[in-house]
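Okay, so chain A shows up in both of these, paired with chain B first and chain C after.
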Partner chain A sequence: MKFSIGIDDLLPALQSVIGVVEKRQTLPILSNILVNISDGNFAVTGTDLEVEITTIIPLEDTSINFDFTVPAKKLFDICKNLDAGILLNFELVDNKLILKAKKSRFTLITLSAENFPNLDPMSSSSEFSISQHDLKFVLDATQFSMANQDVRYYLNGLLFEIYNDELRTIATDGHRLAFSYVDSLTNLINIPKDTIQQLIVPRKAITELNRLLSDTDEIINVSISASHLNIIFKHLSFTTKLIDGRFPDYQRVIPATELCTKNIIADRQVLKQSLSRIAVLSTEKYKAARLEFKENHLIAVVHNPEQEEAEEHIVIDYSGEEFTIGFNIGYLVDALNAVKEDQVTLSLTDSNSSCLISGLNNDSVKYVVMPMRI
Partner chain B sequence: MQIKPEQLRNDLKARQYPVYMVCGDEPLQHREAVDMLRKAAHFYGYEERDVYHADAHFDWNNLLTAANELSLFASKKIIEIHMPTGKPSDKGVALIQYCENLPPDIILIIIAGKIEAATKKSKWYKAVDAVAGIVTVWSIDGQYLNQWLQRRLQAKGLSLQTDSLQLINDRVEGNLLAADQEIEKLSLLYTVAGSKQLLPLDYEQVAEAVFDSARYNLFDLFDCALSGDLKRASRMLYGLQREGLSIILIMSLFAKEVRMLAKMSAILYAGGQQDNVEVAMKGFYIFPKRKSLLAQALRSSRPEQWQQLLKQLLQADKMAKGAEPGDPWDMMQLILAAVAGKTYL
Partner chain C sequence: MANKQVEDEVPPYYQHNSLFPWQLSLWKQLYSNNIVADHFPHALLLSGVAGIGKKQLAFHLARGLLCQSPQENPQTGQIEPCQQHDSGNACRSCQLFSAATHPDLYHVTTPVDKKIIPVDDIRTLIQWSVLSSQLGGKKVIIIEPAEAMNPNASNSLLKTLEEPVADTIIILLTNKKQALLPTIRSRCRTIDIALPDNQSTLLWLSEKGLSEKKSTDPELMLSLSSGAPLLAFELSQGAQLEVRHLIIKQLLSVMTDSMDPVNVAETLFKQTKIKPAKGSQKKTDNKKLLISAYDIIYWFDSLLSDIVRLTQRCTQDTITNIDYYDSLQQLSNRLYLKKILQLTDSINKAYFEVQGQINVNLLFEKLLIDWKNCQK
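Entry: the complex of A and B
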């Protein structure tokens, strides 16, 4: 059993799947990747039983057929340190994989491919196509607001909402919420008209998916079943289980701009940098900042238990009554980082209700941040 | 403000404190009190629940953040802090700050282990005490356990005679979790659905259903035998054997006690002042609670009897180590009987 493959083909393939392979494992075989060679295709699969990624490299020789699993991290680290452009020879002898490249030689232990846990093949119910760029846009705009290891398990993921040709993503940890949408879905199959379809994609799947996406116009195919989501790239297939739960009614918590009594327009960079500076003096767990809004003028103040203090004066566009409100400064900076416009609007009502942040004249991304008592 | 566990239900109907603390190390009542608090909070519309485990590495700033950060989805929430050590790692700075500046719309439940007397003098405890409802649970035994059992059984629609109550009491010996299970079992076995009347159960029905789930304390065994209650002592020995306790441990404890009694008895008779037990016991460290029990034993025994017991213990020891034929547990039964004064003494 012998074959060879160029390192320049193999390394990117390994890079795509290595992320899902967890460092600590319950099953030894989960730290391995599955290599399957058949019909002239070299396929590498990694899984953590939740997310599965397979990449395919076409081979010239179509006569070889065999499969095995090999420690993912070791194979990846070896390949990473080999010179570019060289040819890697694989040979399978008695459950051992012998790798030869120029003057290097490695022998790795393999496990039988039969025991590798593939996700069940899914029977997709609906499908659509989207460009990589658009999917990356909605993920980048929202993913940082996902909860992490929250007891409300349905918050530890990103909500995908499909409505006609719109894909909306929503993430929240209960204190802040991010919303974003694109309306460029094509090739809709089995997506009922004027009906909202919701699915919650787990946190880890979102991180991995975002790593795979690039800022190109390449079209990818997304198919959805009751329990899985599958995305087909050119040479790669990404499958994840979905979180079975009910996401809270997010529309209820996004305030309508018309109803907000206090509307502020600010320069995003200036505001972000000022807040980042004063955040230095907040503590890791307690990031409260006091914001005093005055006419065309904002004073932001941070105190910490060591009695240190930071204060910033920021020029804004505001002409209403003066008021003071507390915020977790980390949430504000996250939102300002994710907005892409130069000017941002902040819409508020009072010091106990949420603040809506979005780019000026652009509602494709919205952030809602709850205030803190100060 | 202290609230007795059995009064918590009515207290919650009457008023709500912004902070509750449940402490003590009797698991059943502790669990029931916490469950009741959660249920009540839920009833009053506290929908979200933050749970923190305050171990040595816990950052108490989490509490203040949780208290001051408003939620998008629910306006009222419960914060639970599990503090099994009964001592906050930051000396209670965060708790004091919290209690002095109570956030509206939040119920804080501190789930503590046993709070020591010294801790009750600490600043944080006083700050909590000033605003909180504090539920302290104690273990229940003896006569109080009978009353407790009676109440719980009645709530389940069962009525038991005193001898049956005592049977359950004997079998569970202060293990309330087990008592609760027994009551649950009796109610499942015998109650008729829909019946409003109390169902009387006789001794046989109870004995059939109740399992021997007492957890015995090794150190009680000797004193129990010494007090002359051979029946209970035998049951304890059997219970300890079933729990897999090593007989060597039991024997060494007995040897230590018998040796001490032998010495005291020798002093008592050598001095010729048979009545002056106090003098004989002088110089031995005896836990005050046990003094009258030991004095009683000394008055009604002679030194030779203790010497004889030591010989029997030696024999049991040899049996346990295979140096002599015989079952050391049987030998131990004989020794128990001897200590209890039913045979040799």
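Entry: the complex of A and C
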């Protein structure tokens, strides 16, 4: 069984897959990648049992059909060090893979493909299409708020909510919450009208997915089953398991804008830079800052246990009674980073309630930050 | 051949696809009945003495829970996972199971060369357990031995053990149930696996090829392993029998041939110092039997217990070392019971002492001199 493939096609394919193949694996076979050649397609699959990525390279010869698994890291390192543009010959003899390129020759041990725990083709319950740009937007806007190794395991991921042609993403770690949505889903299949469908995508899958997405208008196809989420790119298929749990009711956490009595409008860059500056002197763990809101004027103060102190005076647009509130300054800066508008609104009811941050006249992203007692 | 090499690495309990005869009724109670009702406890604690086949049962149970098409096995009349003899028809789940690459099975055990399961291993397990299953069926977690979890690991497991996500089953194995935290025990459905009766075990052992004529007499094996079938079988296969004969002969020689206890202690001590032979062909070399200090203490203990029993007019079928009945019977009349009991105490201490930094040679000398002094 022989075939050949250009290194310029193979290397990018391996590069996309190698990311999920971990060095330390519970099952030895997971350090291998599955190579499957059928119907004129050369497919490479890597998995860590959480995320699975398959890349497909079309072959000219459509008559070959076979599969095997081979150590991922070794194959990748070999390909990486070969000259660009050359043709790599694969030959499978007695469970050994013989690679030949120009004057080089490598023999790798393979494992049986049927023992590789890759996913069976998924029977999806619903599907939709979205542009890469839009998906990247909702991920970037929320992913930093996901919890990390929290005992509330359902927080260690990003909630996808599908409602008609809207895709909403929500992330929270219990101290702050990020919400964002796009309403540009197309080709809806099996998505019931006016019904909310929720799924929690694990943290690791989000990081991996974000790596694959680019800021283009290319349309990708997303399908969902009870236990998996699958995204089909042009030559790549990304599948992840889901977290089996219920996400808390986030709607109750987001304060209604019309109920907020204190509305502040500020210049995003100025506010962000001022807060980042004083954050230097805040305590490492809590990053507490005291914000004193006065007429068109904000004073932000931080202290640390070494008795050091920083203070910033910021011009804002605010009229109403004066009040003081404490926040974790890191959460504020994260939110201000993620908002794209030049002007941001901060809405609060009193000094014990959470703060809603969003772009001026734009509710496609919302951030809720809980106050701190200082 | 590459494939062969890999198959060798798969631990045998992944491929063990049948039940031991003494597990049949338990299987019916645990699996067949539950799978029909589609109702299974979310946490099981399998408890029983070593060598009774708990691990095989747990893995068979896991295979059965994951199997996509369990069916009745005509030989046993029980519902069982896909049978290996028609492996061509085995479902995808059973196929992956046999290759030890099943994505919905998580096996936690002590890391190589360690005696405890660290908390990090349990945390990784918990993270895995909340993800959806890959094949769309159940997920099974096997933790063995459960008593190897240190207190931190046990405590971090509690929340998951109490309420795992849907369709996730946790199986804990232990042969020291009392060593588990009560909070762990109370969260599991405990299944105490009893020793099978001697008659059926003897039958099983003779089916396995153990014959009365050889040195591996089934009754002796069973007696030496206190009734645990797999332990008895293992004993008959390994070098442990020869080790035992050598140790007992040396011990008895102090009494019967009036050997100098200090010399015997040194002979035994030198035996424990033999390093494992490097080439595998040398393993069969009788002169280089590998004996650990623990073995010596274990068989010494076993010998003394028998002597104590015999001084109390116990009959042959109540002692462990039945092949040495005659010599032990004679000896028991010549020894002070009180001194033997004192020696037994020292031996119990020695179990712990040899694990630490003790001079093993001196320990043996002391024990053997005491042994000599037991004579009337």
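Here, the second predicted complex is superposed on the first by the 334 of 374 C-alpha atoms of A that agree within 3 Å, B and C clash if a C-alpha of one lies under 4 Å from a C-alpha of the other, contacts with A are read in each partner's own complex, and residues count from 1 in each chain.
To be clear about the criterion, a contact is a pair of C-beta atoms (placed from the backbone, for glycine too) under 8 Å apart; a residue touches a chain by one contact, two chains touch by 3 or more.
The model shown is predicted, which means the values in this text are computed figures rather than measured ones.
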Superposed partners chain B and chain C on chain A - clash or fit: clash
Which superposed partner A:I232 touches (first chain B, second chain C, both, neither): neither
First, second, both or neither for A:V151, with chain B first and chain C second: both
Contacts of A:I299 with chain B and chain C, given as first, second, both or neither: neither
Which superposed partner A:I109 touches (first chain B, second chain C, both, neither): second
Of chain C and chain B, partner touching more chain A residues: C
Which superposed partner A:S354 touches (first chain B, second chain C, both, neither): first
A:L49 touches, of chain B and chain C: first, second, both or neither? second
Partner chain in contact with A:I314 - chain B first, chain C second, else both or neither: neither
Which of chain B and chain C A:K241 touches, first, second, both or neither: second
Intersection of chain A interface sets (partners chain B, chain C): 151
Complex interface listing, chain A residues touching chain B: 151, 172, 174-177, 248, 253, 283-288, 326, 328, 352, 354, 368, 370-374
Residues of chain B that touch chain A when the two form their complex: 48-49, 51, 59, 61-62, 64-65, 67-73, 103
Contact footprint of chain A on chain C as seen in their complex: 1-3, 6, 9, 92, 95-96, 99-103, 106, 123, 126-128, 130-136, 159, 165-166
Partner chain C, residues of chain A touching it in the complex: 26-30, 49-50, 94-96, 109-112, 114-117, 119-120, 149, 151, 153-154, 156, 202, 226-228, 241-245
